[in-house]
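Input: a single structure, listed below in C-alpha cells.
Letters are used for the chains, namely A, B, C and D, taken in the order the chains are written, and counting of residues starts over at 1 for each.
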C-alpha cells in the first residue's frame, strides 16, 4: 500500500501503560476558572449551580465508564478512581486521562444551560486538564482522598470567612486577607460566629465536605468485611466466570449513581461500602 | 497545616515532560464514532456538516492555543502540531493532551446545534481521546502529516466506491466489500466512472484531501527560504527581546485562522508558508 | 561562566523515578553467557565454581548496598530486591540498575581468579545487563520470587536430564532434545532414575533451588508476625528517630550476609524471617 | 506448565524504549571516586595512570559495541554516543545503559593491574553509574560534547592552579580555595605563570582537552561534506543491501579505535571526520 512509505512514523509512539495492580486516580481541574467564574458571575464563596453542574458531569462520566469506582469533587476539580485491577484501555495513561477529560467536558458544556439557564455559554468555553497518578495501596488511595477532603475543608473555611468579611463586614479584599493571615481554624470559626453570627457547622454539607460520587448498594454492618486488606492482598484481577462477569455488569448498571457529601476520611464510609475497594457490586437496594 | 499528614501523596505524581526540541503532535480521535454517526444519521461516505463541525472545533482550539502551528483533520480525527521549541505547560504530556481534548470537545458540543440544528445532542455525548507523539526532525513531522493525508486519500477512495456500490448500485455491504477486495486505486476509479459516472477527481476537496488549519500570512516565493534546514538546526528556543515577542504575539493574533483542503505532502505547501516550520509569524495580508 | 552557553543540554535529561511505595526488583542477566560458558569450559548442566562466583558477587553487592533486603540467583541471572520504602538515589531507575550491574560486574571480574584459578579471564570479558521492575504488593513480590524459583526448578530438571542423556547416555544433543519433547516432570524423574540411577531429589540444593542471599538474624516462631499485611499497609517510610536509624544501621552491619538454598515459595521462609518484608533488622544471633 | 501461575508478574515490566531518530548519549560516572582516588593514592590534580585506565576501558567498550560512534572522557566520567539511527536492543534505555556500565566496569577492574601494578584492588571495588539522554539534532549533540569539554577545561584549569598553590606554594586547601574564589581564567593563568613558572598551555593535552575515542579512517578535506545537515535530514535508518551492511561491518572492524586529545568544540574535528555523524565508515588508512 502506498502509505507504507510514511507508516514508519507510528514507531515514534511511546507506550505509557500505568503500573498494574495500582489504584489509578485521574484528577481534572478547570482551566482558568477564576476568570471563568467571574465572567459568568459565580456566587462567592460557593456557587451552588456551578457545583451541581460539576456533580452532574461527574455522574455522567461514571455512568459512561463503569470502571470508575468512586469520584470526589470540590470546587473546579474532580478526582476519578479506577480500581487497582482495572485494565481499561490497557491502562494507557493518555487514553484514560483524555477520555475522562473529554467526557466530563462534553457534559459540562451540554448541561450548562440546565444549571445556568439565564447565562448562555460563549467563547472562550470552559475546559479542563487532567493527569493520572498511581497509588499502590488502599492506605495510599484513602490518604489521597483524605488529602482532597481536608483541602476542601481548609479552603472552604478560609473562603467562607474571607467572603463574610467582604460581603457582610464591608471590607476590601486586601483587608480581609490581612485579617486572616496567620489565623487558625478556631480563629476563623470565631470570626464567623462572633462578628457575623454564622455557625460554620451549619454551612451546607456540599461546601464543607465536597461531593462523593459512587454506585449505591445496601450498606453493610461495619466490621463484617476487611476489604482494605483483601484489596491489598489482590495480586491481579481475580478470574471469574462469564456468568459472574455478566451478573456484576448488570448489578452495576442497575445501581443508582449517587452524589453525597459525606466524610470520606474516617473508616466508616469505607467499611459500610465494601464494594468501593473490592470492586464487587453490592446488593441493589429495593426501590421504595 | 493539618493537611500535611496526607500531602505525601503528591510524591506519587510522576513527571511526563516530552523531550525538548522535538515536534509534538497531539492526535485526537472520536470515541465510538461509528455508533455515534449512525445515531445522528451522518451521511455516507462523508457528512459535510459533521466535518465542518470538526473543523470549527479545530479552529477554536487553535485560537485558544496560539502555540499550535498547524492542524490536520480527516474523518473523526484531528492532529495538532506544536512547534519544536514550544514550552507550553513545560511540555507535560498529560497537560498538553488533556487541554486540547477538552477544548476540542467543548467546542464540538457547543457548536453542534449550529451544524445540526435539527438533531439535538442527547447522552451518550460525543467524546474524544488523544495522545502525544514527538518527532525529532522536519522530515519526520512532514512524513507524519503525509501519512495522515495518504490515509485520508486511501480511505476516502475506498469509502466513496463502497457507498456508491451500495447507494447507487443497490448491493449489500458484504457484496460491496467483496467487490473491493484486492482492488487497486485504478480499479476503484474505474468502478466509480464506468458504473456510476463518477469522476473521483471531481469529488469535493475536503473529502479527498482532509482539512488543514493554520494561521494565514502572505505566501512567499518558493525557494526563498530554507525553513526546514533552519528548523532542524535549531537547538533550543531562540532568545528574543520582549518587544519582538510582543510583536509576534500581535501578528499571530491578527492572522486569520483558515481551514483549507490542500496537498500537504508536496514541498510547495511548506515552501510557500515558511512560518509553519520557523514559528516566526509572516506578513498579515491586507484585508480586501 | 563560559559553559552556560552549552549547559541547556542538561534539560534533555528526563526523570525516571520509580513509583514510591512499591518493591523494586533489579534483575541482571549475563550477556552472551552461552558462548562465555563454552569459552571457559563451564561444566554441564551446572558449574559449581561459576555459581559460587555469582553468589560471591551477589553477597558483595548486598554488602555495599544495605538497602537491598534479599537477592535470588539462578544460572547467570540475579534478582535484587529493594524494600518498598527504599528511597536510595531518589528511586531513579537508571541509577539503581547501573549501580547494581556495575558493582556486580566488578566483583565478578575481581573474584574470577579465586573461583577459576586455572583459567584467567581474557577479552571479551563477562558482562551483565539489567532492568528494574516495580511490584506494588507483597503478593506480587513473592510471586515474582516464586516465578524465578519455579523457573530454576523447571530448567534444572530439564538440563539435568538433557545432559544425563548426553553425558551418560551417549546420545547427541538433538536426540536428547527429541527425547524430552513433551515430557512432564514425572517423565524426566523417571528417565533419570530408571536409565541412569539418578534420584533427582538427591541433586545439590544449589542446583535445584537456586541461591537466596539475605542478612541473617534469629529466626522467629511462625505465626508470631504478620509482616506481609503490615508491609502492605505501609503507606510511606515510617519516620523514626536518628538513634533508631543508627541502631538499625549497626545491626544491619553486624548481620552476616548468608547464601542459602531454600524454598522461597512456601510461607515458612518469609514467616520466620519477618525482617525481609518489614525492613526492621532482627536479632543478631550470637556467634557460636 | 506449573510456572504459569506466577508468570503474570512479567506484565509489570514497563517499556523504556528511547525516542527513535535521536542521538543517544550514555554517560557513566565513577561512584565515590574522591574516596577511591585517595585510597589508591591518585596523583593530583591528574593521575596519568588512572586516566589511561579509563581510556583503555572506553576503547574496549567501543570494540565490543560497534554501534557506538564516539566517546568522550574526562576525570572519572565517560560519555558514549550511539548514532541516531541505532536500533541496538530496540533502544531500550536500561539495556543500553547497563550493558555499557557493565562492560566498562569489567575492563576497568580487569585492566587495573596493568595500570596500577603495585596497588592491587581490594573491596570496596570501583564502580560506575550511568544514564541515557536523547538529543534530537546534531547541534544538540555537539553542544553536549562541547559542554563536557568546556567543563573539562574549567575544572582542569582550576585544579591545576589549586594544587600548584598547595603542592608548590605550600598553602592549605582552604587557603587555596579562598585564593581562587571569584577568579577568572586569566587570573588563574597568571597565578600559575607568575608564581610557579607554569605555562598552562604546555600542560598535557589529555588533561586540558580530555580524551576522544573513535574509529580512525582517512581524514577528508573540510568543506567536502555536509554531514550535519545530512544527519539531521535522516528520518529513519537508510535501508541498505546485505552486502553493504557486511562491507560496513568489515570496515568498522578493520578501523583502529584511537584515543586522542583534540578540540571537539570547533567544526574542524567533525568536518574532517564525516563518519562520526553519517555512520558510514570511511576509508581505512594504510598501515605505515
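As a convention for this text, a residue touches a chain if its C-beta (ideal position, glycine included) is under 8 Å from a C-beta of that chain, and two chains touch if they have at least 3 such contacts.
These are the chains along with the protein names UniProt gives them: A, B, C, D = tRNA(His) guanylyltransferase.
Small disclaimer: the values here were computed from a predicted structure and weren't measured.
Taken together, chain C (tRNA(His) guanylyltransferase) and chain D (tRNA(His) guanylyltransferase) share the touching chains A, B. When every chain is reduced to the mean of its CA atoms, the largest separation from chain D (tRNA(His) guanylyltransferase) belongs to A. Between A-D and A-C, more contacting C-beta pairs join the chains of A-C.
Interface repeat of C-D: among A-B, B-D or B-C, over half of the contact pairs recur, by residue number, only in A-B.
Once the centre of each chain is set as its mean CA position, chain A (tRNA(His) guanylyltransferase) and chain C (tRNA(His) guanylyltransferase) turn out to be 43 Å apart. Distance between chain A (tRNA(His) guanylyltransferase) and chain D (tRNA(His) guanylyltransferase), defined via averaged C-alpha coordinates, is recorded as 50 Å. Touching two or more other chains at once are residues 8, 12, 14, 19-21, 134, 140, 143, 235 of chain D (tRNA(His) guanylyltransferase).
With chains as nodes and touching pairs as edges, the resulting graph is complete, every pair of chains being joined. Only residues 19-22, 84, 134, 136-137, 139-140, 143, 229, 232-235 of chain D (tRNA(His) guanylyltransferase) touch chain B (tRNA(His) guanylyltransferase) when the two sit together in their complex. Partner chain A (tRNA(His) guanylyltransferase) is touched in their complex by these residues of chain D (tRNA(His) guanylyltransferase): 8, 11-12, 14-15, 17, 19-21, 235-236. Residues of chain C (tRNA(His) guanylyltransferase) touching chain D (tRNA(His) guanylyltransferase) in their complex: 1-3, 6-10, 12-14, 16, 28, 31, 60, 63-64, 92-95, 97-99, 101-110, 121, 123-135, 140, 143-144, 146-147, 150-151, 154, 185.
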